[in-house]
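The same subunit A turns up in both complexes below, where it pairs with subunit B and then with subunit C.
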Partner chain A sequence: MVSVRLSKKGKETVRAYALMGIPLLWWCVFFIVPLIMALVFSFSDLRISIDQISRYGLFQYEKVLKDDDFWQAFSNTVVWTLVMMVGNNVFGLLMAVLISKLKHGKKLFIGLLFWPTLVSAVIGSSVTKQVMQTDEYGLLNMLLGAFGVAPVAWLEKESTALFSLMIMPFLFGFSIKMLIYYSAILNIPKQYMEACELETDSGIEKFVHITFPLIRNALVLNLLLSLIDGLKVLGPMQLITDGGPDGATNSCVLYIYKLAFDGGTQMGRAAAAAFILFAIILVVSLIQLLITNRKEETTYE
Partner chain B sequence: MAKKIALLLVTVLMLFAFAACGGGNGGTTDDPNNPGGGNGGNTDSGFDLSVDDPTSLSGSIKVALPSTGNKRAILQTAVDAYTASRTGVTVEVEWKAEDNFYNSYKIDVSGGLVFPDAAFIDHVYVQNLASLDLVADVTSVLGDTEDEDFPYIDNLVKANELDGKSYGFPFNANTVALFYNKELMGDQKVPTTYAEFKTTAGALLAGNPALENKVFSLSTGVDYRNFGAMMFISWLGRNGGHILSDDLRNSNFLSDEVKTTLEQWKEIIDNKWASPSLSNEGNFYNGDVAMLEMGCWKVYDLLESPENQGKYGVAPLFTLKDGVEAQSILGLYSMCVTKQKDMNKMRIAADFSKFISTHTETQIAFAKEAKSLPVTEAAVQDPYFQSENWKPFTDALYTAAMRPGSAEYPTIESEIANMYMKVVMGTTDIDEAMKKADKEVQETLDELFEG
Partner chain C sequence: MNNAVAKKSKIRSKRSASLIAVNVFTVFILVLFAFAQVFPFYLQLVYSLQPFSFTARPGVIELWPQSFNFSNYAEAFKLADFGNGFKNTIITAVCFTALSLCVVLIMGYVLGKKDFYGKKVVFIMLIATMMVPGEILMVPNYILMIKFRMLDNLTALILPGIVNIFGIFLVRQFMNTIPDSVLEAAEIDGAGEIRRIFLIVLPLSLPIVATYCILTFTATWNDYLWPMIVLRSSENFTLQLKLKVFSPMFGTSRDQILMAAGLILALVPVVAMYLIFQKNFIESASVSGLK
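Presenting the complex of A and B:
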């Protein structure tokens, strides 16, 4: 019998790989293998059964890129992402700054403002539906009705549907961002603020010259999270409007979901659309990181 | 190191690509057990799954059946009755927690490794699965509609047909009829034709201004896209039209019948008999709306429950065109046999499917549990389904219009909803809405049939 003697470093390496084995296996089985299979399928004419694939090529990518519905969904997704990025971060930062200025009740306000995060997406969508409900039964229309404004079909009109879905997440979707900003603000060394106070009493100047530059890492993180959250948005569109009216609230992920599931039988095309979306998110995220990293280097210099 | 990882990834990717390529096209015509290719089994000229003596069958099958409510107990009794009469057969049941498990079945079958030999499928997907060569032609077992003892209601069998072959055993159905609020209707006649409907609706609104937009319910609004498309197909059928050609290859969105249907819906909206943007279903249950076209699953709530006794009535749908019978939309679940190489399993699965779908006690018990209708001539004669509350629905089984079982039904459904919503909301004129829907649907169909 041949025995292999390992050095101490060798033994540690074997142990490390052994420990990593289970998560790596899990990751491979549930992420890498499906990812590779989806990539292969994206070049195929797969509808339902793998047995019935008859050709491979770039045609699914071509179909998706030439599909007006995809571009409509993409444009809706971009609008959603930009609005949520701006809205959630502005509100989140504003609330974090205001709470940090409070002498009492900080935890109470954080708790209250964090509350909306605890509401499930399904319930949130149901509430949105109740608020934006058409005719006189919707909460918003009831309020408008009190001022003599005629009921509006918020969710049924192409011009107002996407905007209607945005209102609730825009107003209440800042909680996590607020927490990240708040913890970043707490980590600002007090001596910086004290030094600034010797120069100026202006709260705005203190924010612009001290707070904002020192929470920039939190800002980068929040913007990246908002970007990814926005580009993969599905819930409100699927649960409230099902992408309608006439695609006015369709999103990229809903477009993909409908191709593959929900009665759809275009698995190959759905995979191609998913990889196009993946490529878009990757490129945009890299550009964003590149820009923010450059600024970071400039700042430190 | 990075180069090594990249090399490894590329190698794995290529392996998967070759593996996937190798799976293309399934069986070959040289395979005696798989003469038609695909998952095996059928040939284009059809094959015979019938057996002279079903009691001589032996083997085992796995079937997927619904289990919600009391359905599991009812179906288990049917399975026990089947295995008692076919002593050589064992049936393993995969109980599903939902009624429509098309998506899970699709995944089972597409995986190709483990799948049920027979499953309970919504009819709108049966023709689709048949066109994809995933379910077996069961014509030889189903029987001939011309035969005197053919057990099923003929009209229901058509829903599972493609190119003259049948791909499913009807199991459970539902139809739609006209519910009305007796108090709000007062002395007005329950309409039997569109002309009478207009007279009644006009009189109701004139006599009760609170009924503005609430005389009737059209399935408008974001929640009703699926049901709305179904109702539109029912209205279209009552106007003598079909949304697709019979071979499912061509759009009929530009037909006169579609135009007439849209004009009728617009007329209802313009006269303020229904809301353009909100289905009145909920308001009908609140007692605020006079008439609602709704399915038999509401019979218990509206007609049989103690709290609503005497409050509502039900009648057949009104006709829309002279000479065309009122057509409810058809909801139908069928037992389908998965296409595979093992002919014996397919024979047993087909025999089992026919047995439980024609077992009268099972039919009646399951339909009552599901608040729906049986599908056989014997079962619909049960006094319960011939009662005053159920007869409009039972009778509708014989004329009900079915949704086209195209693989692209989701697109068709979506385009129907987009089309009528634009018209009733007044954002697009009728011709333009029809043209857009026709273009989208025809392009999708062309692509489907071009392969």
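Presenting the complex of A and C:
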């Protein structure tokens, strides 16, 4: 028998791949293969079964890009994303700064303000529905009624539907952002603050000159996360209004979902729409990273 | 001299007065937000306990139930078939967390502790795929599930995603804290790779394992989109799907009360877990954000 002599690194290589073999194979089957399938499907007229594909081409991309429903879903998604980026980051940062100023009870308030992160999309949507509905259980209409405002059918009107879905995530979706800002604030070296306190008493000045520049990384990260999450929004739109009335609360992912599932049979077109969304997310994230990086350079000049 | 001291203490007291004012304001804002977050859920809790004879008066927010009807929960539990829902969700969440933890540990260990040919290629390939949104895989994975005959089966929720790239990087980063000497000692003692991973690496990386398990378990528990796509028959539904399709149709306030009871029932396990593991939850979340 011929024995093969291996160097130490060679032996390690054999062992490493032996260990990673099954996971990597698994990953190929459930990630790489589907990814390639999706790409192929997006150029095909796949409806429900693979056997029925009859032609390939760019037509699905063309169909999606010429579809008014897609652009309506896209503009809704952009509005949603911008609103959540602003709301969740402003409230998240505000709460983090306020909590860091407390002498006692920091943990209590972090705990109290963080728990909504664990509320699932289904439960959250069900509560939003309750708050926004028209009948005698609708909290918002009740509160407004106290000021003499007549009940509004928030979720049923095209002009208010998207806005109604936003209220709760806008006000209460900040928990995870708050935590990221809070850990960043905790990491600011104490000396910086003390040095600044010699110069000024103003909390606002301290925030502008010390806190804010030093939590920039957290800000960049949070903005990027809200951007990506926002562009992939689905839950509230699907669970509360199902995209209606008349597409007023459609979102990109809901558009994709409805093409392929939920009675839809355009799987090829759904794949094409998913790749368009992917491209948008990629480009927008890169642009955002470029902008934030350029700002960083100017601050250090 | 005295004058100066008096002036100083005056400034100090002025300062502390304004500090107190700022503090009161801070606490007020925080309490306001904490309250506003809890309030809609509190109202659900009140509804869920009302007697079926209860009718909401227009414009009146009921802050306390007329009487405590805990039997509402039993009825909602039965009507919504939460028994099966809990069972399916627990099976899915536990199996998925356990299986993916094994994969993540092995991969994290190999990528973090081993020096081998092609490491960079494997590494970059895995990182690059983290960019791809899961929505792209919805259609092809659904078709794969049909081909593998896994449709309408809990295995469709458990098996496809167990190679969790984010988890692999989480564990890999932690590997630096495990000294090579410990692993070498085990090798000299004749422990095989798998034994080394589960007897040495696992106990030494408990903090990151706890973090990973908490993040994965809650994410699986709360997921609804993929289960909705692949599950068909109602006895296979997870808790979230059971809650989603739950609509009692008595046509009276009883519907509202039972819906509220169902919602509270679905929320209780997560809140209970949060109360027990609060510290870990908060640590996990900050880790996941600052990866």
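Criterion: the second predicted complex is superposed on the first by the 288 of 301 C-alpha atoms of A that agree within 3 Å, B and C clash if a C-alpha of one lies under 4 Å from a C-alpha of the other, contacts with A are read in each partner's own complex, and residues count from 1 in each chain.
By our rule, a contact is a pair of C-beta atoms (placed from the backbone, for glycine too) under 8 Å apart; a residue touches a chain by one contact, two chains touch by 3 or more.
Remember, it's a predicted structure, so these values are computed and weren't measured experimentally.
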Next on the checklist: Just checking: does A:Tyr137 make contact with subunit B only, subunit C only, both, or neither of them? Give me first, second, both or neither.
Outcome noted: both
Checklist entry - Does the superposition put A:Gly203 against subunit B (first), subunit C (second), both, or neither? => result second
Next on the checklist: Looking at A:Phe41 after the superposition, I want to know if it touches subunit B, subunit C, both of them or none. Which is it: first, second, both, neither?
Outcome noted: both
Item to check | subunit A residues touched - subunit C or subunit B, whichever exceeds | outcome: C
Checklist entry - Looking at the overlay, does A:Asp242 come into contact with subunit B only (first), subunit C only (second), both, or neither? => result first
Next on the checklist: Quick check on the superposed pair: does A:Lys232 touch subunit B, subunit C, both, or neither? Answer first, second, both or neither.
Outcome noted: second
Next on the checklist: On the A-aligned overlay, A:Ala271 touches which partner chain: subunit B = first, subunit C = second, or both, or neither?
Outcome noted: second
Next on the checklist: By the touch definition at the top of the document, which applies to A:Phe261: first (subunit B), second (subunit C), both, or neither?
Outcome noted: both
Item to check | First (subunit B), second (subunit C), both or neither touched by A:Ile50 | outcome: both
Checklist entry - So, does A:Phe30 touch the first partner subunit B, the second partner subunit C, both, or neither? => result second
Item to check | Contact residues common to both interfaces of subunit A (with subunit B and with subunit C) | outcome: 32-33, 37, 41, 50, 135, 137, 261, 267
Item to check | subunit A contact footprint on subunit B (complex, rising order) | outcome: 12-13, 16-17, 20-21, 23-27, 38-39, 102-103, 106, 109-112, 124-125, 128-129, 132-134, 213, 220-223, 225, 275-278, 407, 409-410, 413-414, 417-418, 421-422, 425, 427, 447, 451
Next on the checklist: Going by the contact rule set out above, which residues of subunit A touch subunit C in the complex?
Outcome noted: 9-10, 12-13, 15-20, 23-24, 26-27, 29-35, 37-38, 41, 50, 91, 94-95, 98-99, 101-103, 105, 109-123, 126-127, 130-131, 135-137, 139, 142, 145-146, 168, 171-172, 176, 179-180, 182-183, 201, 203, 218, 221-222, 225, 228, 232, 234-235, 239, 253, 256-257, 260-261, 267, 270-271, 274-275, 277-278, 281-282
Next on the checklist: Looking at the complex, which residues from subunit C come into contact with subunit A?
Outcome noted: 15, 22-23, 26-27, 29-30, 33-34, 36-38, 40-41, 43-44, 47, 56-61, 103, 106-107, 109-110, 114-119, 122, 126, 129, 131-133, 135-144, 159-163, 193-194, 218, 221-222, 224-225, 229, 240, 243-244, 256, 259, 263, 266-267, 270-271, 273-274, 278, 281-282, 285-286, 289-290
Next on the checklist: Touching residues of subunit A toward subunit B in the complex: what are they?
Outcome noted: 32-33, 36-37, 39-41, 44-45, 47-54, 56, 63, 129, 133-135, 137, 153, 155-158, 161, 240-247, 258, 261-265, 267
